[in-house]
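The chains carry the letters A, B and C, assigned in the order they are written, with residues numbered from 1 in each.
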Amino acid sequence: MSLIEIKGLKKSFGALDILRGVDLNLDAGMTAIIGRSGSGKSTLLRCLNGLERIDAGSIRIDRHQITPTQSDLKSLRADVGIVFQGYNLFPHMTVEKNITLAPMLVQGTPRAQAQDKALHVLSQVGLLEKAKAYPGQLSGGQQQRVAIARALALNPKVILFDEVTSALDPELTGEVLKVMESLSSEGMTQILVTHEMNFAKRAARTLVFMHQGKVWEHGPTAELFARPQTKELDSFLSSIV
Amino acid sequence: MTRSFGWPDLLFLIEAARWTVLVSLVAFAGGALGGALICILKLSGGRLGGAVVRVWVQLGQGIPVLMQLFLFYFGLSILGFSVPPLLAAAVAFGLYASANIGVIWLGAVDAIPKQQWEAGETLGLSWAQQMRQVIAPQALRLALAPTVGFMVQIVKNTSLTSVIGIVELARAGQVVNNATYQPFSVFFAICVIYFILCFPLSLLSRGLERRLHVAH
Amino acid sequence: MNYTLDFSWLQGSLPMLWSGLQATVFLTVVACALGSLVGIVGALGRNSPWLPFRAAATAYVEAIRNTPLLAQAFLIYFGLPALGISLTPMVAAGLALTINCGAYTAEIFRAGFEAIQKSQHEAATALNLSRRQTFLHIVLPQAFRSVYPALSAQFVLILMASSITSQISAEEISAAANQIQSTSFRGFEVYLLISLVYLAMVLAMKSLFSLIGGFLLRNSAGGRLVAERAAP
């Protein structure tokens, strides 16, 4: 049984139909979602942790269910973390406090334990020495890695990445992608919306190509890159080379 | 002999409100003149002018209006002037109103990007021409909403001129209260009348702010 | 002009001036502290989805901001006894100033809350913080930092507004001035001195806020800039 099952997912913003019936099964490992602007990739991602309410269909992630009428978002979000394009760190707290806040307030973790965990995830992302720094003192790449650490601290089963390198200067994207690769090798399931095609080719096991609000192609990354089945994917891949 | 608070009293209050309006207009006129003077002094760039403006604004904004009213009232009588109350109020408000209006208008000029000045300059316009053709019209738009907003402050502060003998709305309220001994009704009525005077101005100020896209 | 300045009344009036000064400071501090709390509640009300709360908060803010403090003070000091609530002048003054401060700080905090970007709320939601936790830990601290200059400017205005309470017999420094003036007949000198005292208090207050601001905001982006703007 797949880790994630999406059936007939529909989502509209007012008169605009963004997702027009998405059917998708995803397993553990790294999945990259690609597609043109407006194809619905970010919206799909944000539906997976309830930041967008779905209009029709259903989503199952592990043992969590999301339907238009009913979902336990709190327990879903304990298992599904997210990293945003704009990092969204809390600027008035130290890096360490950013990471320990949710575990302490939401999961009731004692302070010492939360701090240990914070230092552990910070070393996972390579920023142990920045624990007492403030976000404003860090570069974009460092802030994004702290954001990843913050999501890791809640022990999620899945982490969503919403175009996390798009806001970074090119020389800083590498450090973030490196962290994501190492998480992958440690067995973390990651779903990312990305424009970094080289990275997707190298690191993602599965590729999902979205077009006009539907899953247009879906399968092993190497396959899709080498032999696109549809002309839309073909022209998309050639336009970004 | 006390009587009940009734229509004749209400009319008396409304008539007194005319004084509130009149004093407000006079105070605003004085403030606008003074504010313009402040702008000219500051913008002309001289060190003396800048210092004068700084002191002027500190005094006008750092001394409570009530104290300013008393100072001018006693000051004027010392100087031997026997001034009609309306003029006394105008002068007394002059410092307060001009300081605040000056700050608002200078802020509006300040908000105009340097590039506008540079554009005028590189086209060969003199400083005065830049001011008149490029800067002032834009500054006017920016200054409109806050100036109307300050007008609300002026109207409210006219309530203090009761201490220098003007029978405007607040003073009239005290008079009526002494005759009717119904303080709650009387002072509630006062508040309502002030609200009727001020609320439209507040709405206007906010509407102007939205339409002219001024960040407050 | 045959007028010589005469400050002979000053020595004997010092005790009265001193106690008036203390009363002014006390009124200001109490009104600003309590008024801020009222303001936070009012700001929450202005954006509340619950209509009665929202309507009440809006009515409160508009009513106070569109009527003079003097009229509000009269209503509280002279009007409430007619309803059976009798207050001493100082209590009435404190109440009037607090209510007045609350309405203005409500607008200040409202702007502060609204300026917190949606992305901060999203991050908090994604981390499963409750609405209350998000407000206390994420929204309020950041809003406080950004509205600090406006808030400190408002507190200075309250200090100056306290002079108005002399008209309802509150024994603060303006009332002391009135008292001294009526016995010494040296109105100009008395009010000149009191005006200087107010100027000094305003300067002291602005410096204090600038110092505190520099300390509190030292870690925000542009914290120093904010602290500088706190003493315009």
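One rule holds for everything that comes next: a contact is a pair of C-beta atoms (placed from the backbone, for glycine too) under 8 Å apart; a residue touches a chain by one contact, two chains touch by 3 or more.
For clarity, every value in this text was computed on a predicted model and none was experimentally measured.
Counting steps between touching chains, the shortest path from chain B to chain C takes 1. Looking at which two chains touch through the most C-beta pairs, you get B-C. Here the chain at the heart of the structure, going by C-alpha means, is C. For this pair, chain B with chain C, the centres built from the Cα atoms lie 21 Å apart.
A straight line joining the Cα centres of chain A and chain B is 56 Å long. Spacing of chain A relative to chain C, judged by their CA centroids, is 47 angstrom. The touching residues of chain C, when paired with chain A in their complex, are 119-120, 122-123, 125-130, 133, 137-138, 141-142, 145, 219-221. For chain C in complex with chain B, the touching residues are 1, 3, 62-63, 65-72, 74-75, 78-83, 111, 160-164, 166-167, 174, 177, 181, 187-188, 191-192, 194-195, 198-199, 202-203.
The residues of chain A lying in touch with chain C in their complex are 49, 51, 74, 77-78, 81-82, 84, 86, 88-92, 101-102, 105-106, 134, 136, 150-151, 154.
Residue ranges on chain B touching chain C, taken from their complex, read 58-59, 62-68, 70-71, 73-75, 78-80, 152, 155-160, 162-163, 170, 173-174, 177, 182-184, 186-188, 190-191, 194-195, 198-199, 202, 216.
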